[in-house]
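Okay, so chain A shows up in both of these, paired with chain B first and chain C after.
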Partner chain A sequence: MNINTREEGGYAIIELIGEVDLSCSPVARKQILACLKAKQDLLVDLSAVTYIDSSGVASLVEGYQTAKKQNLKFGLIGVSDSAMSVLQLARLDKVFPIHANVEERLRADG
Partner chain B sequence: MATSDRNPAIEVRDLVTHYGNTEILHGVNVTVYEGEIMIIMGGSGSGKSTLLRYLLGLSIPTSGNISILGKDITKLDAMEMQELRKNMGVAFQGGALLSSMTVGENVQLPLFEHTRLDRKTMQIMARMKLEVVNLGGFEDLMPAQLSGGMIKRAAVARAIVMDPKLMFFDEPSAGLDPVVAAELDELILRLRDAMQMTIVVVTHELQSAFKIADRITVLDRGNILMSGTVEEVRASGNERIQSLLNRRPSTEELAADEYLERLTRI
Partner chain C sequence: MTEEHLLKLYFPANPDRLCLVRALVKRASEIAGCNSDLAEKLVLAVNEACMNVIQHAYKGDYSGEIVLEILNNDNRLLFRVKDYAAPIDLECVKHRDLDDIRPGGLGTFFIKEIMDECTMGHLEDGVGNYLEMIKKIR
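What follows is the complex of A and B.
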């Protein structure tokens, strides 16, 4: 797994790339929580994720809950079909704000 | 997708096993492809539970090879087997939850054993899997407070908590009422579809087998009678298979000499 970070439209964007599994999800978690600690609104870009396991999804859940507690905006963008089916299994597709890309999220923010 | 386009997740070749001096499996060959649900079916004494034990690497065969996810488990040492088991989930017949731990702690157990994830991550992973098996919110209960069907589902949550590539179910419907058994069948299908799991189900429940199987292997007295799709098994002209499907004694079943031998063996 690789991680790219950038800023766009007032959001910090964390792009996860490749396989997000038990061996590397703690790195993604750390990065997500660090962004939120720095009081940044955050979007996690999953468009380049080839596989995400439930430890990866758990890090996203923890990130979203942390953001909510701090009144920060959080969401997922570019969720691939395989990542979506993992989210759907635990009905998390109904929990996360999910958009195709940053532009769509910004439009939804109004 | 045709099975020939897929890689085998499990390959069993010429498996011979003994219990004491008695040969139980007489040269069994089975292939399970990635992403399929294979039902191992047979009556009691057919050898299906024995086959499961060997697939899990719990016993050493007399001869033959068992390849799991590309590794011949008859040649692995304990450490290598332990590593491979991280990719294998098992839901045992009785659930096998630890009675002194809460449901949530039971589900987290494999994560404690095999990973160094943050406590919070483990907790969320366990809760997600309890949601998957429709036990969301039950994590603080003790196993003794659950019904039989709930215990089975909690055991499934524990078995899938590490997202295994391969999942084994031992008689999942046994002792469950038809509605709960059907829920469990649905869950098995969802695990295949959402997680692309390869799933092996050992059962004698025909209805469930036909509902969820991609392919069925029929075992009888330690021999494979056939492996095929539901349609192929149903259409089989083999008398033993038809007898199993119709649950009536076969005319050739009473192998008198063998029976007498069994009763009188010293």
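What follows is the complex of A and C.
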């Protein structure tokens, strides 16, 4: 897994690339929580995720809950088919705010 | 009744090896006749089973050994995952309520959702655990 970070539209964007499994999900978790600790609204880009397991999903859930507690915005963008099928299996596709890209999220924010 | 041994793999309980396990499970599932969608679901379930062994049986001791066997018995795929860790408390192996949104507790749910039958137990000599998962593919 590789991670790219950038800022766009007032959000920190964390792009996860490749397979997100137990060998690397702690790195993703750390990056997500660091952004939220810095009080940044956060979008996690899953467009280049080819595989995600329950440890990767747990990192996203922890980010979602941490953001909620801190009144920060959080969401997923560009969720790949592979990642979406896992989120659907966990019934989390209706829990996370999910948008196609940053622009769509910004429109939804109003 | 025909039984085909598709794979027997010994590997260390190290998260770095899971990518190798996934690749082999996917290919073995396809050889058995699964389409790509089903093969990917089976990969997820087996990966979760191996993760559970790494995290909860060996508790992060990467020197532990995992044995994965895949057998095709008249289009019933059997995935058997064995470890040689201390016997786990089988009563503690349960998934969280999906309405209780919190990190963790999803792996066992994925396995039960994907597979048709699951059986867990302790190995006969008193050291180790097994999980057998069956998926009907026709």
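Here is the rule we go by: the second predicted complex is superposed on the first by the 110 of 110 C-alpha atoms of A that agree within 3 Å, B and C clash if a C-alpha of one lies under 4 Å from a C-alpha of the other, contacts with A are read in each partner's own complex, and residues count from 1 in each chain.
What we mean here is this: contacts are C-beta pairs under 8 Å (C-beta built on N, C-alpha and C of every residue); 3 or more make two chains touch, one makes a residue touch a chain.
Source: prediction; values computed, not measured.
Per the definitions stated earlier, placing chain B and chain C onto a shared chain A by superposition produces a clash between them.
When both complexes are overlaid on chain A, the residue A:19 reaches chain C alone and has no touch with chain B. Of the two partner chains placed by the overlay, neither chain B nor chain C lies in contact with A:69. In the superposition on chain A, contact is made by A:95 with chain C only, not with chain B. In the superposed model, A:85 makes contact with both chain B and chain C. By the touch criterion stated above, A:59 is placed in contact with chain B and with chain C alike. By the document's definition of touching, neither partner reaches A:107: not chain B, not chain C.
In the superposition on chain A, the residues of chain A contacted by chain B and by chain C overlap at 21-22, 53-55, 57-59, 61-62, 85-86, 89-92. Taken together, the chain A residues at the contact with chain C in this complex read 19, 21-23, 51, 53-55, 57-59, 61-62, 64-65, 82, 85-86, 89-92, 95. Those residues of chain C lying in contact with chain A across their complex are 15-16, 18-19, 22, 40-41, 43-44, 47-48, 51, 54-55, 98, 101-104, 106-107, 109-110, 113-114. Across the complex, chain A meets chain B through its residues 21-22, 25-26, 29, 53-55, 57-59, 61-62, 85-86, 88-92. Within the complex, the chain B residues that touch chain A are 115, 117-118, 120-122, 124-125, 128-129, 131-132, 161-163, 190-191, 193-195.
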